[in-house]
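My questions will all concern the structure given below.
We call the chains A, B and C, going by the order they appear; numbering starts again at 1 in every chain.
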Amino acid sequence: MMVENKELSLQTEGSCDITDITPLVKRNVETSGINNGTITLFVPGSTAGLTTIEYETGLLRDFQDMWNRIIPQNIPYEHNKAWGDGNGHSHMRASMLGPSLTIPFINKKLSLGTWQQIVFVDFDNRPRARRIVLQIMGE
Amino acid sequence: MMVENKELSLQTEGSCDITDITPLVKRNVETSGINNGTITLFVPGSTAGLTTIEYETGLLRDFQDMWNRIIPQNIPYEHNKAWGDGNGHSHMRASMLGPSLTIPFINKKLSLGTWQQIVFVDFDNRPRARRIVLQIMGE
Amino acid sequence: MMVENKELSLQTEGSCDITDITPLVKRNVETSGINNGTITLFVPGSTAGLTTIEYETGLLRDFQDMWNRIIPQNIPYEHNKAWGDGNGHSHMRASMLGPSLTIPFINKKLSLGTWQQIVFVDFDNRPRARRIVLQIMGE
């Protein structure tokens, strides 16, 4: 059994920018010394999150529309009144979606469906340089 | 420390069909060679998800009503315009709920509450044959 | 590789009471015999959940307002009709947010952002004595 710590760095546009990180996650699993186990992805930060989606233009737009509908930007937030940075909605969306994702892999192959991609969603209201912690554990 | 890979197969009705998979998950933990550790459940697919709920007729109905309210089926989705399969809402619900669940177990006993069941929720708009990846890791 | 099982106990006020458990989680990681690995947090119970947030007065209020907006208390729930305990909304919120959280740590340091705290959210409609299962796995 082993633990390997890795990290992804990416530049996002913010405002619900959705990045497909599947190829980067795959490569990190394939080049690790571990054949069977889990990869835990974690976002250090409180205005971004992780999930899976079929990475297809229509659904990406639908996903952004959904957040605008459920947790709108243009309603009053106490956070914005206190700090003036206008990203209260970003914090709410990130807390709702969650900062972590755990994916099993078997013989170095991630257990994803054919039409399922791992995405990093940056909810902040400005472009950001981001990092994602990857931890691979198994044997 | 060991890793054991298992899989569940189930047939669902779709349309927010909620299956209690607790007995199957329990049995897999009990028959494994591992006493203390985590079981990671993962859905390969982008129109279903996992969570826990008190598996009680009223709450199952409330859960379905909640999704119809928050992420309705009958609003325009770009995905539906492009692909015509009418399951844009299924994708949104699955991405919101999330594809993975990690549950610790101690002396082969899952850390669930008395009134808490593990459920697989099929958001797709038709019956589906599904599989769920189970990975047990520990010692 | 090792597994260590721990537990937190806390008293909450219910009604979306948000407790910052970061210091307790940190201490458990630091006093464990494990340097690199993951800590899995799990709520045994179906009316509370876990996530991360910037633990700041404005955002805590915004988070409570968000739940009142998305999953209101004062709409009809089948659960309430059947059981009369009035916490149908608590169950829905808990199932939506999710009962588990997995956080990697490296050299005993949790991979949290500077303004990111781990919170336990008690959605139930009354004060509760709660426990949270912590499982630390790694090497």
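In the analysis below, a residue touches a chain if its C-beta (ideal position, glycine included) is under 8 Å from a C-beta of that chain, and two chains touch if they have at least 3 such contacts.
None of the values given here were measured: they were computed from a predicted structure.
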Least step count from subunit A to subunit C, where 1 means the two chains touch: 1
Homomeric contact subunit A-subunit B: same or different residue positions, threshold half: different
Separation of mean Cα positions, subunit B and subunit A [Å, integer]: 20
Sequence positions of subunit B contacting 2 or more other chains: 1, 70, 96, 98, 102, 137
Of all residues in subunit B, those that touch subunit A in their complex: 1-3, 5, 40, 42-46, 70-71, 77-83, 88, 91-92, 94-96, 98-100, 102, 133, 135, 137
Subunit C-touching residues of subunit B, taken from the complex the two chains share: 1, 36-38, 51-54, 56-59, 61-63, 65-66, 70, 96-98, 101-104, 106, 111-113, 115-116, 137-139
